[in-house]
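Read from first to last, the chains carry the letters A, B, C and D; within each, the first residue is number 1.
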Amino acid sequence: MADEKARRIGVLTGGGDCPGLNAVIRAVTKTAQLEYGASVLGIQDGFEGLVEGRAHELAHQEVSGILGLGGTILGSSNKGDPWHYPTETARGKIEIHDMAFKAIRHVERWQLDCLVAIGGDGTMHIARRLSEAGVPVIGVPKTIDNDVPATDVTFGFDTAVSVVCEAIDRLASTASSHHRVMVVEVMGRYAGWIALMGGVAGGADVILIPEIRFRWDSVFRKVDERQTQGKRFTMVCVAEGVRLPDGTEVVAEFDSKRTDAKRLGGAGAVVARAIEQGTGHEARVTVLGHLQRGGSPTSFDRVLATRYGTAAARLACSGQAGVMVALRDGHIEAVPLEQATGELRRVPLDHDLIAAARSVGTSFGDH
Amino acid sequence: MADEKARRIGVLTGGGDCPGLNAVIRAVTKTAQLEYGASVLGIQDGFEGLVEGRAHELAHQEVSGILGLGGTILGSSNKGDPWHYPTETARGKIEIHDMAFKAIRHVERWQLDCLVAIGGDGTMHIARRLSEAGVPVIGVPKTIDNDVPATDVTFGFDTAVSVVCEAIDRLASTASSHHRVMVVEVMGRYAGWIALMGGVAGGADVILIPEIRFRWDSVFRKVDERQTQGKRFTMVCVAEGVRLPDGTEVVAEFDSKRTDAKRLGGAGAVVARAIEQGTGHEARVTVLGHLQRGGSPTSFDRVLATRYGTAAARLACSGQAGVMVALRDGHIEAVPLEQATGELRRVPLDHDLIAAARSVGTSFGDH
Amino acid sequence: MADEKARRIGVLTGGGDCPGLNAVIRAVTKTAQLEYGASVLGIQDGFEGLVEGRAHELAHQEVSGILGLGGTILGSSNKGDPWHYPTETARGKIEIHDMAFKAIRHVERWQLDCLVAIGGDGTMHIARRLSEAGVPVIGVPKTIDNDVPATDVTFGFDTAVSVVCEAIDRLASTASSHHRVMVVEVMGRYAGWIALMGGVAGGADVILIPEIRFRWDSVFRKVDERQTQGKRFTMVCVAEGVRLPDGTEVVAEFDSKRTDAKRLGGAGAVVARAIEQGTGHEARVTVLGHLQRGGSPTSFDRVLATRYGTAAARLACSGQAGVMVALRDGHIEAVPLEQATGELRRVPLDHDLIAAARSVGTSFGDH
Amino acid sequence: MADEKARRIGVLTGGGDCPGLNAVIRAVTKTAQLEYGASVLGIQDGFEGLVEGRAHELAHQEVSGILGLGGTILGSSNKGDPWHYPTETARGKIEIHDMAFKAIRHVERWQLDCLVAIGGDGTMHIARRLSEAGVPVIGVPKTIDNDVPATDVTFGFDTAVSVVCEAIDRLASTASSHHRVMVVEVMGRYAGWIALMGGVAGGADVILIPEIRFRWDSVFRKVDERQTQGKRFTMVCVAEGVRLPDGTEVVAEFDSKRTDAKRLGGAGAVVARAIEQGTGHEARVTVLGHLQRGGSPTSFDRVLATRYGTAAARLACSGQAGVMVALRDGHIEAVPLEQATGELRRVPLDHDLIAAARSVGTSFGDH
């Protein structure tokens, strides 16, 4: 099945950590090597490696046994965007320069027939720009937040949801025995998918997501209602990106990028304090943070990542480019990178899971 | 939102165990009670309870906190079919009688407006027959095997796959250190879904499913090939229902129903012995059995079970009947029980996951 | 083996949550009922239930199936101390009163031959005082912190350590792929057992515990050293009760009892910020908090809790009192409550695990 | 702290798989390298590598990140004993020869100051014999069965017990919902430690171990008793090495070494069949097998393995030999290899855990 001239593809992982990255790298590499006789170049630390020319041939051995491994064997980096690339000057200052020419030059030097870029929203934007600049790119959508447009689901999401669900299970036993309000803050800066799915899976009594504007009195009422019903605890699941009733954005306490911003604590802490003051019941907050991003992917994410990886390799090795692999109605498809860089996919207010959650008694703080 | 006259629905769980049963019972009960003001009767031990009149009102308390609980709080039974119901005679002999009239009489006595039957293939057939006899029934598909027709996925399946995946992870470390062939036998009497998904998620080198006729030499070649490549172990995932190359069916060793059948050991044992003889490499077999059926459902299954349960309650409380809830292309739908009792849903040979598995080097023993 | 007159014992759980409480309750109840024909009264919400007279007979059914359940079926409360009991006045003010007479009166009214008090340091002090006041009490040591004196280990500790270990595993994959310093804050206000054991189990590079005074430059050096060695990440495990080099105590950000205290963030946040400033490397903090206290106990803790529970019931049913059950050199013993209320058991500086950790390269920030 | 002349130690892992082997290898290597400036030679596939001269220098990198990894990076082998070493003749026949001279010659050629042998009973016997032949050896006890003499506990045991406990949890939900007798067969050929601890942790109703001779009628009575009490399921935990009431040994079905022995099925299957026939209740058997041996070690085992490893390296690097590291009353000690090769450590009949199990209602089938 191999081409006459052996193809050569590059692969990189961009952005934050996400369970399943290694499963994609493995599937891309094995498919390219076994099915197309292609060689695969592993580019290190995302687009940073592309700009700075750090890469090495991926041997068969190297991708063996990494299917269930968390993290990425290729590394990633925050110095993501070749068009806005931080460089240290002789005087030790950091300046932002356009280094895209370097990235493109490496694609040429390395004689890559195609570049497989695994990443989230930011990565897809760079992939699109590289594509417009003539670089053949295949995107693979990654984000635990599940908000990449043009695909029904991204790998890493199921793992994040299962971490949230396990955490709520753990906290519920304490909440129930010690008659507490437990607030769990989960990831989701713009979209509430993790909070919604994780909250429903964990049986949360209140779920607060960015898509639904909540009211304090509604939340307090739910807490009081449960007390009255003899259930002396309440489980609250809050997306980090939830907007407060007054419209303010919550700036996470330890956001290293905004050290001088007014520190309110994260969304979870704000909600917990408000509940204590509004209802008089003790509330405790747990911020799951990076626990949702790391570790071994669930079987669901391993399968999805493998399907994405083989599909991406096939496209890359058969001369296609400018597209992102996506799952739609259960089938793997290729969608133009333009579509993949549209508006973030947020939870639609008419999603049947919101209705289902309300049916089993969950409050979204809006009634 | 409640009807003028409060509705009354019954709920039962039939057939083998499956993670997520309690999540459905909870969702049905809460939705019926909270959203429709309906009362819910919990029928004990599946259709056995319907025939023998064992049931009790499900209190709100009783379904609280059971979302993540394995098993079924209602119990289940093998004495499933009211039309072929085993009864003990005065002399202690077991005779099969038609007891359907008793089942129908209890529906009337209990004044059920609708019966929600949660179960697999067998349960759906009985549900259909009851429906044809005039009993309003809503089916909820359940089977870890994922082979119920007319729905894309059943709850319990994701949990079973994750158990298989974890088991392969565990066994792989031993296989790799001790240079062994490890054979894992998983569930799937007619369909290979669990073996396929679990095998891909665990990175199995060989996957044998009922849908694909395998050849011994192909399996042996794969084992030898890995040795030659310096990978001194092979992981084999076998569905219990796999057919041997000569077309024989493997009768599980300890099948209590067939104590006098020729005992070959299960499919896993047969495959392990054949590999030992055919390749000279040591092979060990692990039969996962009931480990795949029990325990707490994954977050995916809890969400799916909740969606099914609320949908079923809504149908039941709004006067519909004769249908099964189903997931199709991501949406919950109602399909006629006739469709739900068609041919079992087996793995189609052109499924993209089979192709993806082959791409990463997995053998199905057919080439 | 039953006494002539059937004995009657009470059981309560005091203080914070701890995996294994239900396992003790089960073992106490089953042993008392099955072995001594005694009846068991479950007192609700710790000493609050003893003061206010809330209790009910524990049926055999009630303790069945709770061995692996997190939390406590008896409930617990912060209104712990009968001698300093908060009461609401007619005007809605909270006043502290001595309500010990009420607690003692209930012991008499309920005709308890013995009270089994399961709890930590605070509970043992109250148990001792009750004992001095003439109430026959048996203590069962509980604390995830493992700092109860006079016993080698407390149940709940192994579960807490395993939660820390799993969390570090998860975080390490991200740290390693994304070249980060990851700080994990774990429980341990006065003793560093969880940080020490969890840190060694997770392979932490730096472990900071209350018992060892650390220096910032030592911590920074370790972080830099790993970078130089090509390991571009560092895992830091910090006990919440660690003292800063300048001797200040860190007040946890969201401590509801000290809402007006100067908010520094917890120990983890302080350490992460210091590392960012001192080394220039990005640091992220994860606070495990209540995740360490809840959920199903490990097999180790279930066995230990069962041993404690049966031993306590035997003592209680054979007329002994004024002692706490303890594990010493592998054997269950009874130690006087006086010993059990001595100084908290902190990590001795010559513990072989500290030496072992240093041997594998872990820094305690003191050299 | 390094010696004048840098020391050189070898390390190998013998026998079956056991969670924590890599943790020991890591601790031995790091301690030797960091603390003593010693070099460490990794000998491949146990004593097979020692006889055949397969080994390589262990680089610092190689033992980094393996703390939580199942299996052994050094490999192991069944061709264990240098004094009875299987060799293939020119004609393809397997003959047993004394190859000890080769093993000893490699120790000399490699200039090993000491050999650290990690393994179970068999490995300790070979270690002792090598020691008697003048080779400086330090033993590290390994066995999931926990039956190595002269030490209180071996690493791997806690992991095996936790696998059993999780499995029983899973099976219990099915047993309870479907009114079944569930039989779990666990490891333990000569000693019942895993069955005892795992059974107590899982709340098994019947525990059958090699140390206690059971009677069928006693087992049947327990099953019937539970039915009468309204508990319609029974959980039975059986050690593979249990002796049947008639004194016969059960030969495991798929024991590759005894392909021609009379196949009875394993102990679990025999017990399940007997219960079905003796009580009329349906029984199902699950054989955990290799699931107990593989995968990531628990935090407890990681800590223990680390303590053993550092202790072994210290002994090896400070000129000691002929001893095995052991845990006694909480402390790491060195015991002569003679003691370590005494009689297997079986469960003493007066162990307090047996009494505790009886107190909570568990039957050992002997009354």
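Here, contacts are C-beta pairs under 8 Å (C-beta built on N, C-alpha and C of every residue); 3 or more make two chains touch, one makes a residue touch a chain.
The structure displayed is predicted, hence computed values, not measured ones.
Chemist: If every chain is reduced to the average of its C-alpha atoms, which one ends up farthest from subunit D?
Modeler: Using the mean of the C-alpha atoms as each chain's centre, the farthest one from subunit D is A.
Chemist: Taking each chain's centre as its mean C-alpha position, how far apart are subunit A and subunit D in Å?
Modeler: Inter-chain centre distance comes to 41 Å.
Chemist: Between subunit B and subunit D, tell me the centre distance in angstrom, where each centre is the average of that chain's C-alpha atoms.
Modeler: Taking the mean C-alpha position of each chain, the two centres sit 35 Å apart.
Chemist: Roughly how far is subunit A from subunit B, centre to centre by C-alpha average, rounded to an integer in Å?
Modeler: Roughly 31 Å separates the two chain centres.
Chemist: So which stretches of subunit D touch two or more other chains?
Modeler: 169, 172, 176, 296
Chemist: If every chain is a node and each touching pair gets an edge, what shape is that graph: line, ring, star, complete or other?
Modeler: Topology of the interface graph: a ring, with each chain touching two neighbours.
Chemist: What are all the touching pairs of chains?
Modeler: All touching pairs, sorted by chain label, are A-B, A-C, B-D, C-D.
Chemist: Under the touch definition given earlier, write down the residues of subunit D that touch subunit C in their complex.
Modeler: It is residues 26-27, 30-31, 34-35, 64-65, 67-68, 152, 158, 161-162, 164-165, 169, 172, 176, 197-198, 200-203, 231, 296, 298-300, 302-303, 306-307, 309-311, 313-314, 329-332, 352-353, 355-357, 359-361 of subunit D that touch subunit C.
Chemist: Which residues of subunit B touch subunit D once you look at their complex with the stated criterion?
Modeler: Per the touch definition, subunit B meets subunit D at residues 13, 16-17, 21, 45, 69-78, 163, 167, 169-179, 182, 253-254, 256, 265, 269, 272-273, 276, 282-287, 289-291, 293-296.
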